[in-house]
Structure formats: structure tokens, C-alpha cells
Amino acid sequence: MADITLLALFEDIDPAADAIEKLRHMGVTDDHINVLSGAPIPYKMLGRPHPHTNVSKLSLGGAIAGALFGLFLNFGTPNMYYIPVGGQYITPIPPGLIVLFEMTMLFALLATFLGVFLDSYFPNYRPMEYTPEISDGKIGIFFKCAENEQTKIADALGVLGAETIKPVEAQQL
Amino acid sequence: MQMTVDLNRVGAKGAIAEAAEGKWGMSIDRDLCTGCQACVAACAMENNISFVGEEDAGYGRTQHWIRIERFWEGAYPNVKIAGGYQPMMCQQCGHAPCEPVCPVFATPHSDAEQLNLQVYNRCIGTRYCANNCPYQARSFNWRDYHTMPERGNMVNGKLVFPLHNQFNPDVTVRRRGVMEKCTFCIQRIHKAQDKAKSEGREVMDGEFAPACAQACPADAITFGRIDHKDSLVSQRSNEGRGVKHLEDLNTLPRVTYLKEG
Amino acid sequence: MSEKITRRNFLKLTTAGAATAAIMTGCGPSSRYVTREPYVKMPEYTYNGLSTYYATTCRECAAGCGIIVRTMQGRAIKVEGNPQNPINLGKTCARGQATLHGLYNPDRVENPVRQGRSAPQLSTAQVSWDEAIQTVSDALSKTNASEVAFLMGTAPDHLFDLVSDLTDAIGAPAPLRFSALSMFEARATLSKAAEDLLGQAGLPFFDISNADVVVSFGANFLETWLSPVAYTRSYAKMRRSRPRTRGYMVHFETQMSQTAAKADEWIPLLPGTEGLVALALGKLVAQLRGISAPRAFASVNVQQVVETSGVSMEQLTRVAELIAESHAPIAIPGGQALGQSNGLAAAEAILALNALVDNFGQPGGVSLSPLAPNAGAHHRPANAQEMSDLVAKMKSGKIKVLFIHGVNPLFELPQSFGFAEALHATPTVISFATFPDETALASDYIFPDHHGLESWGYQRSQTGVMQSVLSGSQPVVAPNYNTRATADVFIEAARLAGGKFVQALPFADEVEFIQSKIENLIARTDGSFIAPEINAFSAYFQQHGGWWASSAESDSLSAANALGKSLNVSSAAAPIGENEFFFLPFVSPTLGEAGANKPWLQELPDPTTTVMWNTWVAMNPNTAHELGIENDDVVRIVSEAGSVEAPVYKYPAIHPNAVAMPFGQGHTAYGRFAAGRGANPTDVLAPSFNEAGDLAFAGMKVRIEKTGKQQPLSRLESRIGVYGEGMYEEK
Amino acid sequence: MAVLSKYLPGAKKAREDHFEKDDPRQYLMHDPIPRGQMNEMVMESMHVTSWKFWMVFGILSVLVAVCFFYAWGYMIAEGLWVAGVMRPAYWGIFLVNTVFWIGISHAGTFISAILRVFKAEFRRPFTRAAELMTTFGLIQAGASIFMHLGRVWLSYWMFPLPNQRELWPNFHSPLMWDLLAITTYVLGSTMYLYLPLIPDLAMARDRSTGWRKTFYRILALGFRGTEGEWRHLHTAMNFFAFAIIPVMFSVHTIVSWDFAMAMRPGWSSSVFGPYFVLGALHSGMGAVAIVLFIMRYTMKHMDYFIRKEHFDALGKLMMMVSFTYAYFIFNDYIIQWYGGNLATDNLLHWLEEGPMSWMFYQMILFNIVIPFAVLWIPKVRQTPWLLAIVGLLINIGMYWERYIIIPVMLTINNMPFTWKLYEPRIEIYLTIGTFALFLLFYMAASRLIPLIPVWEVQEGQMAHTMRKIGKANVSTISDFE
Amino acid sequence: MIRKFFKWAFSPMGRIAVAIAILSLFSLAAYGLYQTQQAPEQPIQFTHKLHVGLGIQCLYCHPGALRGPSPGLPTISKCWGCHQQIAKTQTSALLKPMVEAMDKGVGFTWVPVAQVPDFVHFTHRPHVAAGLNCENCHGDMTQVTIAVNPQVMNMGWCLSCHKERAAGDKEKLTKLTDCGTCHY
């Protein structure tokens, strides 16, 4: 029995949260539900599990890498070819802190940015399930269900206030 | 030779610079300097310094590596030149403010000769060193003055520059966009060292002189090792009239000016 | 390379590639694509990559300093002083250093040309040297000898000897030597004064180095006067060479020159009163020393001198005390004091001051410069009077052929002399100029001589050192252009002309002539070297850069004659009216008389004003304020003889009633670096002379007119930072 | 739940009843309209171009071509002599421009990061406009630095790249720190601009056709608005908001160290770091005021998004910054004056009496006196054109401040013999060029990028409500971000 | 603007164009570097192989290396000193420029092969004095006809040898790695 992806569009948050609750009761697991929205809606409001993110870990990793790179630049490179300047120590600490800071921040920021890309699979131009109404502020609940349960679920969600419930195909965004 | 260094005077970083061996230095007797510009001309001829023409010269773009300053004091008829003429060039500071600010190490300190170097081909022209030089001793190549078309002659459709024949092959001809400054005629230092080495001896005091000192008709400029107590320059610098310029900035200049009188 | 790429393509390809490589790697111009040409036969003493040094003589002024030129693979790189030459002992001035910019000047006369008086351009009508020599030969032989005139530079060199020999033999008037420098130095006056007081014509030597009080009357001996390098050395010795004694220097001059700036006291006075001040000083010194003042000094009214000269009584007394208490005082008469209508008397008064303190022939006193070897009777530069006579002769058509070498009278002589018209009236004018100067361009022919560094020769020293010096020249580089030594031209021309001409100059070439002239020195044992015969002697002569007596010569001079002479000094400073000023031209210390074509000399700042590349009118700031003149305002200076325009420099150290102007700029020709730049102060000088025939150039009365124009002067100095109290406004 | 007033039926009506009609302020956050409508407004503002727009665009393009690219190319070909820099003013307007543009760029970060961290809600509609200023300003700053180099084609030597010369750059040099800091800031602020832009680009993608569709599709990266995407984005933006603040402070501090680390009278001052940061904010706020004014009056529908309340808040900020700036300028000059160092004394006299003193007095007038005098008045703060004029004056004053610090202070140094006044030459054209390029970028961006962060506005409107406490209507914000 | 460019750059044609541009820049640079290492065409196909094979010492023709900065090229009269005694070389077409130069006294030009830029002041003397052999830098001349440059004479190459030579001697290392030793 083939699964089908359905989309239920909601205007407001409360019906959407109720709908998710309903779906869960009807045997659609959280794994098979995907909520799309035009503005960030905290997961707690919809009663959804906490989405996992690696971004902060990557930031930390970037910061560590940056710090090491900064240390290398300030304390490593001068020793690779000794050039004295103006009576300064060859690897002074105070300017080193600046280099260290800037490199740490740069790498951390880059890693964070790339982290978003990695975690979200950006850029992704393949056809995906989507409807433009989501960016109009609607809350779209995409869920997979068995084809034969389609009507049942649609009815149940309709009662909860879903504007449209329709099967969706992956489409070119 | 070990020199005693006053830590209170020069600070911890300066102590290292002051204690260094191989320091070349200069003493300039302001009592003797007649302001005749022979040093300026000699320096220009030795070091391939370009002249810049009337407009740029008046606008503060002269390339002189050494300039003779004079300040007025008093009013007519009791006016006089304060303290005599003052030749001003790179002071080859032991603690040079120009050096650390270059982002690409174009003006490093020479540990071997204890001079401030200017590596022309490394310079990218940020001009930070010149801003940070309290002596205003650096000059920038604002354009390729040497090859300005009005200095050349058309010969068979090709621009030739007869004046280039005079160039000293021991000194790089600077192109536009790089900083330059007095080098204490490092090419002469190298030549003398090379000669001394090939003869298996040390460079003798007074064996050679930079172009300015060699030309100076009044013998106002003395050059030599200032870490050798018995060299002429050390004797002159220490005879009691010596002052160093902007000493309070702790740049540890290697040029001592001898006061008038 | 396997495939055949033509050389041109190779260069093209590699240049493109190298350009990219240069951009990528950041290296500058790569000299890889410079090809190298090996010598077919290497010159002797030349090593690859090593310099060769040649001793020769500096030709930038007449002082005759010995120089050593560093050359490398046929190019002259650097001029250094010759440490052996007693005049400069290894030192050089700025003008000597810049002589290479003359050698490699882009504006030299490269070929002999038929100029056809087509100023202001250098003619392109090239002639061959054979034609040139024929022309000279014809000019010599087909003209009545008395109608041939030779005009030459101040330096008493071998060419002057050669021409003198020639004129002697053919009965032509003796060659005249002249330059603006000798005119502004008033050499003739100095020589005449020496003759009157010391009994012998010649330039006195002032032993500054051993003096302990130096009183200079406008003698700018640190700049251009007589032998500046030698006197600068003396000055340094006077100040610092003796333990516990630092010589004291007082300078009387209307404006503070570079020399005055180095004096301990600069005392401004009115131009023309120097002689009076000297007499007054003499009277006071005699009183202080308790000796009976000679007649000349006794008769002067000190109070009156104070009034005329503008020097205060206190100053006079202080200077007199200084002199009186000193062991070795010396008084020096300089150009500005002598270039007055009373110049000769002033010179005598100042020299007599030396007689009064009895320093004639003493260390730290005045002596007569020893004569250089072979110095003859007419070894004195022409004074302005003689030049004026020559001009008159030329104007009246009595000169048919004029040969000019080493002097540029159209520029150097005041316009009021009328040399331009005189030149016009002379049928044939042949110039031997190295550079296309004004006179050369107004000549019929230019047969360019070598530059000084390309030529043989010798030059006598005239003063500056108490040794007899003959500085030798030799070519340090091969001639760059199609030029020929003028001596050779004359020798060849004489051979062509035959007869008495060839008898006068029976030489194969210039070198043989020089050898004939120095041959008599072989016999002298008191020289710097000894050689058995002429070839060895010539070799040493070149190697050492000349010949000189190995020790100083002393002469015994009596002061009696000087003190016995009655001196009639009157003030030459006529009262001036409203908006009238004393005009003081002086030779630019950096440019000299002929340095304007050397770009690095142009870029040297003037020591007192730091002006570069231009002429200025120095004016007291208070005077300028009264006249409503600001810095850089162009003013017109008008005298009875003419006018000149230049921007004003408010100079704090000049008498309020005087304006000064440097000589050296104002060329209409003379190459791209000189032409059209600045103004020539001689344009306002009138032909008035002193008793010795020198031009009375100093203190001429002029008016100042505003033109309303402005021309910013290029100054090295800050316009806001060098005047202590007034640094917040532009000065 | 009262928080989501928008989703409660009749909420708008109820709020209007409670809203005091005579309140001079209007709150965007309390004036919600459906997201779809907002989207349409923003999309329309991007599409609408008049002939005036194209005329200005054309003029700016010509200016950029001539004054920026041609002038710069000419300078590279000819050498720096065509500029007015000389001894002793080795640095001229190029560096003034650099400091100025970096200053302008600080506004974006300040508004979007600091105000985000402190949850200042009025920031929402114009964060993007301010961030664009950051990025575009930094481009001008970078270009100005490169313009000033004598051999710009070798500037890559400043980057720490392994090379055959075995040479690394000199980390002692403040210029090196500058390079690292500005690089970090450029990259950081560009990323920080881009991250919150993604949802809006997705929105634009959904409502465009043709080349715009392709354009937005590529830039939106396939963003759909899933919970995960929002979560990653939110985490990243939170990190950025906190991390870019010290970077921002470090950048202008380090720029100030170019001067403060030098041994020059007037420069060697330890207060320069915070003084420059404050100065940067000062000019940045002024620039934001100008940009908001222009946006509000030239772009369609912007009067909905940008309201008097924003100008009012901005005016207060400007006043606060102006106070602080006054404190720093006092600190800087009084300490130098009191020290009595000869060269510094000369410099201060020069500033107060020299030929450039007019600039000094204008700086004081525009940066301190005028903001003090007029920003007290609510009417001025709430009148967009008045605030824009004050912003403009502040920017002129701040430009003079930088001009005084660089060429004018360079004039006076320890060697009075070299003092000379600087006259800008080709720098004037290049300055015009950078301004034109900035405006050109901005104009192009205004038609390509949603200048209003719609989703943020929506988020803000979702989070706001009015509560009646006692007899007063009180604005409240939920803590749900 | 920038995004527009990226959009274009990401299109297939754009990618190809960018790739071509970058490749051509690099290949041009590489070609330039390669060319600097190639033996240029010389007026005479001088065979180092043959001359060194005959046992002639390098310093016989390039004596300047012992004395100063430049080793120098032999004067043509020096070449002629040997070659005039060899009948074959007097008539050889390959040596025509030399014969002509001797006749007319006008030299011809060689293209230098191993050379450093102007801003590097290289002196042969200390290198020879330090015991370096010519082939250490110039390669084995017994293997080449026209001299070729065996390596890219860049700063890293100089420095690595300097560092190696000065290993252990601090004073020497200071002198040999000082910027002012070569650049002034």
C-alpha cells in the first residue's frame, strides 16, 4: 500500500497544533509530519518534538579551529622566517591576542554559516513538497499516510479548521 | 664589546637594541654644517634618487633622503638661524617606530648591520611607516619620476633617458609606489665588509663613508661604529655637545647632533 | 630549443609571459631581457662588475677642485673629491656632485651644427668635423688678426694657454676670460687692491683656518666665492680643529647670506658702507690696542659711519673689541662690498684693517695666493669694463670673428651691456658650447666641445690654498656624442691654415700640447711627485689628478705699504627715495652661474630660503607688509637699466631697504631644465663700474611694482612651521 | 492565548478600541495586516520603478564609471601622484573614506545585532536596510583602502599565504590587524545579512516569475520553512547576533589603533578605541536616518513599515550617542591639552586657529551642539525630514572628524620643517565615486532584495499585544522568540 | 550586481568561461616562468659541453666571479685567442659573428641566462669564496650546449641554501638571512 503525502493548510496556530495532536492520535508519527511556516513558530507551541541542530557544535568547532589558526599565524609564522622589527619581541602576546580573537571569530562565524547549510541541506534545488501559500503566513502540515486513510484524516482535519487538505507532489520550487 | 645600558632610560625592549653589536652611527656637527647641500646632491647621485620637478617639489614630494632644515629665531635685525643648519635623514633608530607597522615586513630591522632596511620590492605602498616616522625621514615614490617622458629624448622612435647612464648599479632604482629612505649607504658598508673579509680583517674606522659624509666639505658628518668606543664617531658623539633628536620618544636614534658653540 | 623561434618572437613571447609572471610573483622590472654585449677587447684596468676610478678636475667653477670619478663599464657613476688635491682634500660641493647631470644631460649639443643664429632652437643642420675645422681655419686665416676675438670661461685652463699661444703668435688680442661668477666676486677689484696694498697683483689668500676672529665684509666664501670648498674646509678648521679655541665670526652684509647665517654675528648694514665700517673698526681697534692709527683710519668719523651705515655704535665697539683682543683676527672683503662704485677703496680699507692688526703673511692672516705653475701675466679674468670695451668693439664692427668657449655672455652679462646687438654686429660667431645655451644658439656655428669629464686638460688653481696647484683632467668616459675637444679643433685648424698658425700650435693633438706645457714641471723637486721623463710624468699627472707643490709656500709681506696709503672711502649708499630699494644680486649657492641645466641642482633647496627650481625676490617681511605684498606675489623690479619680474619671498633677515635676488636662473635656452624658469637679476643692472673696472652691481637703486600676478614658489621648508612665533599663519 | 492577538477573531477591532486616538505615535507592531498583504506590498515596492528611479540610477552609473572605475584605473596607471597625498600627509582622503565607511557600516550591526540582543522591537522593519548599509559600506571602505595603496596589485602580499619567498605578513602591524578584522567583519556581516534574508528570498521566489524567479530560486537555496530550517537559522542568527557585536567593536577599535599606535601628536591616544566606535555609531545612526527617510518617501508602501515611532526611537538613540560622543571628544582633547606636550600643543593650537579650524568648529557644531539642541524636541525626532537633516549634518561632522584626524593632524608633527597642508586632488572624484557606488548598490538592492524583513515583522506582530492595566493601555511583548 | 554575476557564473557557459579565464591566467604565468628557465637563442650556439670537456676552467672565461659581483662574459678577443689557432673555427659558419666582431671591432650581444632581478644585489665573490662550485647553482655545464638555468632562482631557493650553510652558526645565520644582505 503506497503512502501518500498530504498537505493541510492552517491559518492560525491553535488549529494547527490541534491538528498535529489529532494526527498523532490517528497514527501518523512525528517522523512523518513536517510543519512548514512563513515565520518561525516555536516547536512548543505546536507540541512538536525539539528539532535537533548541529549549528552550535559547528560554531564551537570553528572557533577552536580559528583559535589554532590564529595561534599559528601569530606565534608560528614569525618563527618560520625570523624578521626583527623595531625592537619588538618576535612573537608578542598583545598583538597576538588580536589575531587570535579575529581568527577565532572569523572561523566561528564561517562555521556557523556553513553549519546552516550543512544542517539544512542547502542549497537544494531538487523538487520538494511545498506550496507558496506557506510564505503567505499559512501553516502547512505535511504528513505521510496510507492512501486509504486519506479521506479519514482529511475529514478529521477539516473539522479542526484546515483550509485545504490535498495531496502534494514534489515540485520545482 | 659590551656597552652598559641604562635600563631606566631605554626600557626593557630598548635595552636589547642598545646592547646590540655592529651598530653603525653618525654624528653631525651643527656648528660646522654650512647648509651647502653637498650632502644632498651626493646622496642623490649615489642612491639614484629621482628629482621630482618644480610642482611636486613645492608640494612636499621631494625625494631627498637627507634634507637640511633651518629654523628662524628672533626678528630683524637680531634674527638668526636657530641652532644652525640641521641635516635630517633617517636616524636608523634602534627602536624604529616605522618597522613594526609595515604589514608586509618591507622595512625590517637588520640584525647584521643594525640598520633600518627598506626592501623596495616588498613594499606595497601603505605609507604607514612614513606616518609613524617621527623624523619625517621617508619619501615615497609618487610616480615613476625616472621615466617621465619629458626627461627622455626620442631617438629613432624610442624614448631614451641619457640621465639613466649615471645610475649607480649598486642601488636599486625604485619604481613608483614604494617607500624609500636613507640607508646609511648600505651598499658601501657591504662593499667595505666584503673587501675586509677577503683580506681577512675587520672593517677599519674611517675606511669608508656614506656619500653625504664623504662629500661634506666642512667634515660635519662623521660615520662609523658607535659601539666601538675608540671610533671617531663615538668620540665626537660623546664629547659633550651631543644631543639626539626626539630622544624622549625612545626611538634610540643612531645619529647624534652636536650643538653649536 | 627544438623548434625555431625567431629572436623577435622569443622576446615578444617571453615579455608577455614575464609580464604575467611579474604580476603573479610581484617582482619589478626584470632585467632578464636586457641583452649583454661583451667587450671585443676589454680596456685595460677594467674588470667585469668592478668600478674603475679616474682622477680628474671639476669644471663646474674655476676653483679647480680635484675629483675622482667612479666609472663602471664605461659609464661615470659618481663624483668624489680627490683626497690628495690640496684644494679640496677629498671633498666636493653640490655643484661638483651634480656634474654628472651635465655629462648625461639630455640636452647636450650632440653634433657640430651650422646654427645660423636661429635661436631659440638648436639647429639640425649638421656639419661634419672636417667642415667645422675648415670653417675655424678659414675664420682664423682669412681674417685680420686684430679682428679676431676669443671669449672664454674664467678657469685658467690648458685651452686658455693654447689660445693665448695662438693669439700671441698671430698678433690677435689676448683672449678674454669672463664669467658672471668672477663679476659678482669682483675679482679684478680684489686683485687691484692687492696690487695697491701688497705690491703685487693677484688674489689674496685668507687663512681663515688659523684665525680666531673672522670679520667678513660680504664675503660669501661658504657659497661660491673664489674657492668655496677650500674655504669651507678652512671654516671648519677655524671652528673646531683647535682645542679650546673656537673661532668667532662676524659678518657684515645687507642680507643674511648662507655664509652670514653661519656667522656668530650677522650685522646688517647699507650696501656701499662696508669700507667706512672697516675704517671705523680700524680706528677703534687702534685705540683699543693703543697703537697710533694710521692716517687713513685716524681721519674717519666713527659717529658719522654709524649714521651712514646703520651699524650701531655698540656693535662696532664690540666687534672692535673682539678684533683687538684676538690673537689672529682677519678681515675679508667679499664681492658685495667690492661691487660698488667705491669698491676699490672699500677693498683697500678692509685689507688695510688686516695690515693694522699685522697679520700679513702670518698664520691666520692674509697672504697672496701662490701662482700656479705657468701662470702668466694676463691670468686674470676680464672685468666688466673690459667686457664693455669688447662689446663696444664688436658693435663698431671692429671684430669680424668671435670665438666663444665656456661662457654664456648673453645670459651672464647684464642686458644693458648690449651684447645681443654686439653679437648681431659681428659677422662670424663660432661657439664651442657643450650645451645649447643662449649665446651658442645665437651663433653661426656650434662646434661642441666635450664635457669636462670627457676631455683632457689641466686647470690652475688661483686661490684657496697656499700651494701652487695644477689640477689635471683626463677623460673618464668616452665621449657620448659626436663632439671634439676645442683644443684639437684649433690645432687641426692651425695645421690647415699653415704658416704662423701651425708654428704657434705645432702639436699633433691636445695631449701633446698639454705635455708640452707640463714638461717644465719635471725639473721641480718640490712637487707632489717626481718623474724622470714626460711620459712617466704624464702618467703620474693623470693618476694623481694633477701636480702641486708638496708644501705651502709662505711669502713675506710688509704691512707698511698698506698702512702708509691714504684711503679715500666715501659712502656709496646714496640716499633712497620713496619706494626705492637697494638691489642686491647674488650668485645662487646651489646653482652657481651655470648649474641651471642640471636637474638635481635645481631640486636642491637654496640654503637660506629653501626655494627650488625658481628665482625669488627676498624682501623684509615688514617692508612687504608696508607695500601690501604677500609671499608668492610677483613683483617687477625696475631700475634705470631694465626690469625683471619674480615672486616675493618674505625673508626675515634682510635690511628693510634692500631686496635681494639670486643669479642663476632666467634662461631662455640652455636645455629643458633651465629654459623658461625663473628670472635673471642682471637684467636690471646698469653698466656702471668701480675704479678697478668691476661692475658696481650691489646696491643699485630700484623701484618695486606690483604686477598682481602670483606664482607659488617651490619651497622645501614648511610655510607654517619654521618661524617660531608666527606659525599659525602662512608666511 | 492573548499573546497571539492576531489570531484571535476580532482582535484588531478590540485593540483599536483601546488604542488612544490622540497618541502621536503609531506602532507598527500593533497595526498588523495579514502576511500575504505584507508580502504583496513588499513585492510591489521592489517592482515599482519610475523614470525618476532610472534617471538617478543612470546618473549614478555614469558617476561610478567615471569617478570610481575610470579614476581609479587612471590612478593605478599613473601612480599616486595624481592624488594629493604628500609629505607629511602621507594618508589622505582615502583613509578618511575608509574610516567613514566603516563607521557607516557599524549602524547595521548595531541595529540588527545589539538591538536584537536587547529585544528592541522598533528595530524590526529596518534591520535589513541597516545591514545592507553595513555590507555596502564595507565594500566602499575596502575599496578605499586598496585605492590608497601604492602598489595595489601586490596587496595580496598582506594575506597569510604560503609562498616561495618564505615570508609571512607582519602581525605586529596594526594594518595587519585591520586586514584580519575587516575581513572578519565583511564576511561576518555579509553572512549575517544573508541568513535572515533567506526566508524573504523564499517568499519572493514564491511570488515572482521570469528571471526574478530564477534569481530568487538560486538565492533562496531551496528554503521552505520547515521546523528544522527555522531552528538552524535561528540558532545561527542568535550566535551571529552575539558574536558580531565584539567583532564590530574590535573592527573600529583596531581601525583607531592604526592611529593610536602611531607615535604622532594627536594620534597617540588611548581613548581612540571607544571614541572611534562611538563615532562610528554616531555617523551610522545618522546614515540610517537618511536612508529611512529616503526609503519612506521614495518606495511604495514603505509608509506602512517605517513610521514615526521608528524615527522617534532613532532620534533618541542619536541623542544618546551624541552625548556619549561629546564625552569622548572631551576626554580626548582635554587630556591632550592638559599634557602640554610641545608637539601636541602646537597641534591643538593649529586646530583652534589654523586654516582648518573651521572644520574643527563645524565638527563640534554638527556632532554635538546641533543634536543636543534639537533632538530633545519630540517634534523634531518625529519629523522624518528634520531627522534626516540632522543625520546628514552628523555625517558631515563625522567626516570632518576623520578628516581632522588624518590629513590635518598629519600636518603637524614633530618636525616643524615639514609641516604642509594637504590638498585633495583626484581623491575628490574617487570619494564621489565611492558614494555613488554605495548609492548604486543600494538602489539596485532596493529593487532586488526585500528591504523589509517581512517574516521578522510578522514575528514581531505575532509577539505583540496591548494590555489594559488599570486605566492605561500598555504595550507588551511575549518572550517567545 | 555581484549576485547577477554569480548567477551568470553558475550557468554552464559561465562556469566554462570562468574556468578558461583562470586556466589561461595560470598557464600564461606558468608559461612565463617556464620561459625564464629556457635557453634563449644566442648569437652563437656556444657549446659549454665541448669547452668544459676540453678542460677549460669556468674561471678562465668568467674570472669576475672571483673578484666581484659579476662573473663577466669573456671578451671576444679572448675567444679569438684560442680560436685563431684553430683553422676550422675561422671558417665555420657557426662562429661567423665572432670573426666579424674581431674584424670590425664591434661586439654582439648575448642573452643572459641565469640572472636575478634588479632589486637583488648578488655578488659572486663571497659565494665562490665560501667554497661553492659553479655547478651548485648553474648546473652541470658538461651536459648542456647553450647554458640553461637549472632552477628557478627565487628567494626561497636562495634562503634554503643560506639557512643550510649557516646551520648552527647564529651569527652567520643572522648575516645570511638578513634582508639587507641582498635587498637595498
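Every chain is named by a letter (A, B, C, D and E) in the order it is written, and numbering of its residues begins at 1.
Here is the rule we go by: a contact is a pair of C-beta atoms (placed from the backbone, for glycine too) under 8 Å apart; a residue touches a chain by one contact, two chains touch by 3 or more.
All of these numbers come straight from a predicted model, not from anything done at the bench.
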Other chains in touch with both chain A and chain E: B, D
Per Cα centroids, the chain farthest from chain C: A
By mean Cα position, the chain sitting nearest the middle: B
Remotest chain, chain E as reference, centres from CA atoms: A
Interface with more contacting C-beta pairs, comparing C-D to A-D: A-D
Averaged-CA centre spacing for the pair chain B and chain A, given as whole angstrom: 62
Centroid distance [mean C-alpha coordinates] between chain C and chain A, Å: 88
Whole-Å separation of chain centres (CA-atom averages), chain D against chain E: 54
Centroid spacing, where centroids are CA-atom means, of chain B and chain E in whole angstrom: 34
Numbers and ranges of chain A residues touching at least 2 other chains: 81, 83, 85-86, 88
Multi-chain contact sites of chain C, meaning residues that touch two or more partners: 23, 25-29, 716-717, 722
Per-residue overlap in chain B, given as positions that touch at least 2 other chains: 59, 62, 67, 69-71, 97, 100, 102, 105, 108, 111, 120-122
Chain-chain contacts as defined at top: A-B, A-D, A-E, B-C, B-D, B-E, C-D, C-E, D-E
Chain D-facing residues of chain B, complex: 56, 59-62, 67, 69-71, 88, 97, 100-105, 122-128, 130-132, 134-136, 139-144, 176-179, 246, 249, 251
Residue ranges of chain D touching chain C (in the complex, touch as defined): 153-154, 157, 164, 346, 349-350, 353-355, 415-421
In the complex, chain B residues that touch chain A: 13-14, 16-17, 93-100, 102, 105, 107-109, 111, 252
Contact set on chain A toward chain E in their complex: 81-83
Of chain B, residues touching chain C in the complex: 29, 31-32, 34-38, 40-42, 44-46, 51-55, 57-59, 62, 64, 67-73, 75-77, 79-82, 84-85, 120-121, 150-153, 161-169, 175, 211, 214-220, 261
